[in-house]
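Across the two complexes that follow, chain A remains constant while its partner is chain B and subsequently chain C.
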Partner chain A sequence: MTTTRDQVLLLARRSVVRTWRQPAATVFPLLFPMLLLAVNSGGLRAETHLPGFPTHSFVAFALAVPFIQGALFATMNAGTDLARDVQTGFLNRLSLTPLRGAALLAGQLGGVTVLGVVQACFYLVVGFAAGVRPKAGVGGVAVLLVFAALIALSFGALGAWAALRTGSAEAVQSLFPVFFVFLFISSMNIPRNLIATTWFRDAATANPVSYLLECVRSLIITGWDGEALGLGFGIVAVVGVVALTLAARSLPKRLAR
Partner chain B sequence: MGRANTIETQGLTREFKKGPRAVDMIDLQVEAGEIYGFLGPNGAGKSTTVLMLTTLLPPTAGTARVAGFDVAREGPKVRARIGAALQEAALDPLLTGREHLRLQATLQALPRPDRGTRADELLERVGLSGAADRKVRGYSGGMKRRLDLAMALVHRPTILFLDEPTTGLDVQSRAALWEEVARLAREDGVTVFLTTQYLEEADALADRVGIIDHGKIVAEGTPESLKAEIGRPTVEVIPSADGDGRVADLLSRFGELVPSARGVAVRLDGGETGLAAVVRALDADGVSVEHLELHRPSLDDVFLAKTGRSLEGHGAE
Partner chain C sequence: MRRTLSVAEGVAWRTLHNVFTNPSLVIPQLAFPLFFFTAFVGGLSRIRHVPGFDYPLGYTAFQFVFVMLQSAAFGGVFTGFGIARDFEFGFARRLLLASPHRTGIVLGYALAAMCRWLVTAAFITVVAFAVGMKVGGSGVDVPALYLLALIVNAAAILWAAGVAMRLRTMQAGPVMQMPVFLVLFFAPVYVPLGLLRGWIHAVAVVNPLTRVLEAGRGFLAGTPTEVGAAFGAAVGLALLFSLWALRGLRKAEAAG
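Then we have the complex of A and B:
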């Protein structure tokens, strides 16, 4: 009998190899957030002159955004891959082996998590090249990478749940615009306390994505901020637990055996 | 070996919500080392039966034992003994053929040193050694089917389920797959449960055939016995002009004359062996014949006789 660990590693490796072999799945999540960062940094640089803006570098402020966009791509990758496995019957094939359901989910998400960390490293390197130096130092970078891994895992689990529920790659991909709306009505481009429009400030305050951004941002531009870290990690944990629970509940129906 | 590679069902039924009974109280008995052809048209219940027998779909009534184990209660034991290539080749387009086999070998818990060897052996057997390191998305339909079969064989199953394995394949790929399936049964003693909509496939490969229609088995037996059951072969003779008058009299000695649009036809009382006697009699009487043809009953005739419809021309389930 293969151990659960072997099964997880095998499927995580497959997930990474699959993504690596799809240039669109590899290049787009790396380049698109960087292009958006470049455009926003150029166009919104004047914001740094606003009283109360937390940094003089808009790149440092906006570098948090790619981390969250990376999570969206993780959601799409995990979900789309799993849905394709359902559609092609590959999941049925896996069902006929002694594969444990938990290993299937963990393997799939393990691969997505690895890719999430690779993306985060890339974003950090670009940030370094643009002169950004995380205020929380080397330890902060390590925490940032752990956070990126958890975001990829949690949002990947959401994608996996959608895939297991619907069995359709198209349905999973239709989530993308929904997540993007959450991103745009957050503190993505301006700190919440500087948002002048009340309804937008309220929406951004109610939006959990704001706290994920602020968690990353705190490590880059503030240093060690316990409240921001607690909120960010707390939200990721809640999303992760809920999404994993939902995915784990949907799995037995798909692995009907 | 006991019931080690047999398949038995009793009253096996699958009913879907808001739908008809896909499989309706079927009783099957497939013996060890046998190739059992499960023949039927679109939506007859073939694939649903396979899904139940492979533990992927629970029956709503009845029982099924595969390799001596109950499919509903002893799924892991069943799965350890079976291999399956389901209707669509279940492959990952982004992995290579070799990667597929190594993945399967690992998940099937083959000892680490054997995984590569087994993959190479199967790639060789299904004729994919040359394409082993190419991504599957570049494979032809026949190559995908052969890889699918190889994956089903990784853990040396004693029972193999093949759900319409040759649908959509060209003649050459179909023949290659038939050869491999026959070899598995004859040389390795693997029991093969094969669903098909191709009459010639069931005829050429299966030791026994079960014909399913609307979820029920309507006929079962060896292809020969099924054909014999519905009628004896006929010989159709188209005489040259000068022998015309005598042919009907002569043929009537060998059985009942049946209508023929082109010449004279007789249903042979003695079966196919009567053909030689007909030829000898025609020769002895000096009858000149333009064309002579033996018509054997086909499985389509069997299907027609049992259901009132022809199986020819139906699409895949």
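Then we have the complex of A and C:
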């Protein structure tokens, strides 16, 4: 048991240090969502005058978006790093050691989760600096951080599965536009009930990303909303369980002994 | 002059051939503007009900102009990625050795970027009309919008070429892309300039792309505004980045 724990800790540390040493993998996930937040909150502030808009602060409304973008970056980071390990033969060398497959996944995803929480703290600090005060209070902030960790873990597992299945960093990176489409065809910029175009509103309603956004948003602008939290945590849990199962099933092929 | 044009023609033909025979280059070029058009028009059309939103043709036409300019600018940047790739894989060095007049290389890449964008522009225009976009402008106004976007495309490719020729690696992608992204999105993208408030309004007022965007929307609506300032800004950027690109070429030559 202690050996497995040591394996997980070592691999998680490697994952964090490795990401930290690549400026593009750390700076971009922190700055790009903030840039988009600045642009959108400035450009779309007029939207708060629409009847039925849930808050007077567009920054508070839009602050949910970086959390989900952070998940996209977690997917990319976890997947690309693991794919590179496949491509460079690191996984083959690991297969010569007594490392457990579960420890490999847990270590890799542990590192991604830590980075996800660091990103979330950064987004929250920027939000505080811009005057956003989460309606759900200190407890809400704690729940937000747990949610951010779960999102990073679940989407990181999705990236890990893609990496193990394809063994190609390029293939993993080609997933990015797909996730980006999911983000844009959602309630990212406007509440679903205010979307005027019917097909877009239907697409946003069918899109699970809308519920992830609304879960974060509820803690910031509504307070404790059981339905939004249940849907958000439920979707993350389903994505996480499915992705972890798929990744765990793909792992033995890459760690063939 | 003939030798310059001959080099330009060769470079442009090769670039266009590479782009249009490679689905991984053609599809993003068409899909990204279409995606932004869909996301903005579909998701944000309620913005036309915001008090003070006074664009007469509705939100589809309002966003169409932004998407046209964005596709023009990013069409230039995407061609810049190809220049960086040519340098990274050594093709550009052979091109520099073989060209009797190297200015033609920059000209060729610029011509290719413009041709690429014309295909994208035609595609987006067809889609916009298919979803019921209204046009208020006349036979002069609407072509003026396309001309304005073409100049923006030229400015963007010259900017990207200057970066690619200085850094000569595909890792230069974010350096080409990020400033263009910022200039585009610090203009009045979602609402007219008059509805922006605070720091973004101050930035948008001094952003040259704001003039271009406002003029483009004016052309489409048939009420041209700020035409001189818009063409002045676009041509000024194109001239400035011509010098930037040509100096980049000299740096690439000096680097061997």
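Criterion: the second predicted complex is superposed on the first by the 255 of 257 C-alpha atoms of A that agree within 3 Å, B and C clash if a C-alpha of one lies under 4 Å from a C-alpha of the other, contacts with A are read in each partner's own complex, and residues count from 1 in each chain.
Here, a contact is a pair of C-beta atoms (placed from the backbone, for glycine too) under 8 Å apart; a residue touches a chain by one contact, two chains touch by 3 or more.
This one's a predicted model, so the numbers in the text were calculated from it and none came from an experiment.
Clash or fit: how do chain B and chain C relate after the overlay on chain A?
When both complexes are placed onto chain A, chain B and chain C end up side by side without any clash.
Could you give the angle made at the Cα centre of chain A by the lines to the Cα centres of chain B and chain C, to the nearest 10°?
So the C-alpha centres give an angle of 90 degrees.
Is A:R18 touching the first partner chain B, the second partner chain C, both, or neither of them?
first
So in the superposed three-chain picture, is A:L96 touching just chain B, just chain C, both, or none of them (first/second/both/neither)?
first
With both complexes overlaid on chain A, does A:E47 touch chain B (first), chain C (second), both or neither?
A:E47 sits against chain C, while chain B stays out of touch.
Does chain B (first) or chain C (second) touch A:K135, or do both, or does neither?
In the superposition, A:K135 touches no partner, neither chain B nor chain C.
Scan A:A196 for contacts with chain B and chain C and give back first, second, both or neither.
After superposition on chain A, A:A196 lies in contact with chain C alone.
Looking at A:V181, would you say it contacts chain B, chain C, both, or neither? Reply first, second, both or neither.
second
After the superposition on A, what does A:L35 contact: first (chain B), second (chain C), both or neither?
Second partner only, chain C.
Minimum CA distance, chain B versus chain C, superposed model, integer angstrom?
Minimum C-alpha separation, chain B to chain C: 17 Å.
Both chain B and chain C contact which residues of chain A?
On chain A, no residue contacts both chain B in one structure and chain C in the other.
Where on chain B is chain A touching in the complex?
54-58, 75-76, 79-80, 82, 84, 86-95, 99, 103-104, 106-109, 135, 151
Touching chain C in the complex: which residues of chain A?
24, 28, 35, 38-40, 42-47, 49-50, 177, 181, 184-185, 188-190, 194-197, 199-200, 203-204
Going by the contact rule set out above, which residues of chain C touch chain A in the complex?
Where chain C meets chain A, its residues are 28, 31, 35-36, 38-39, 41-47, 49-53, 174, 182, 185-186, 188-191, 195-201.
For a test of understanding, state which residues of chain A touch chain B in their complex under the given definition.
Contact set of chain A toward chain B: 1-2, 6-7, 10, 14, 17-18, 21-22, 85, 88-90, 92-99, 256-257.
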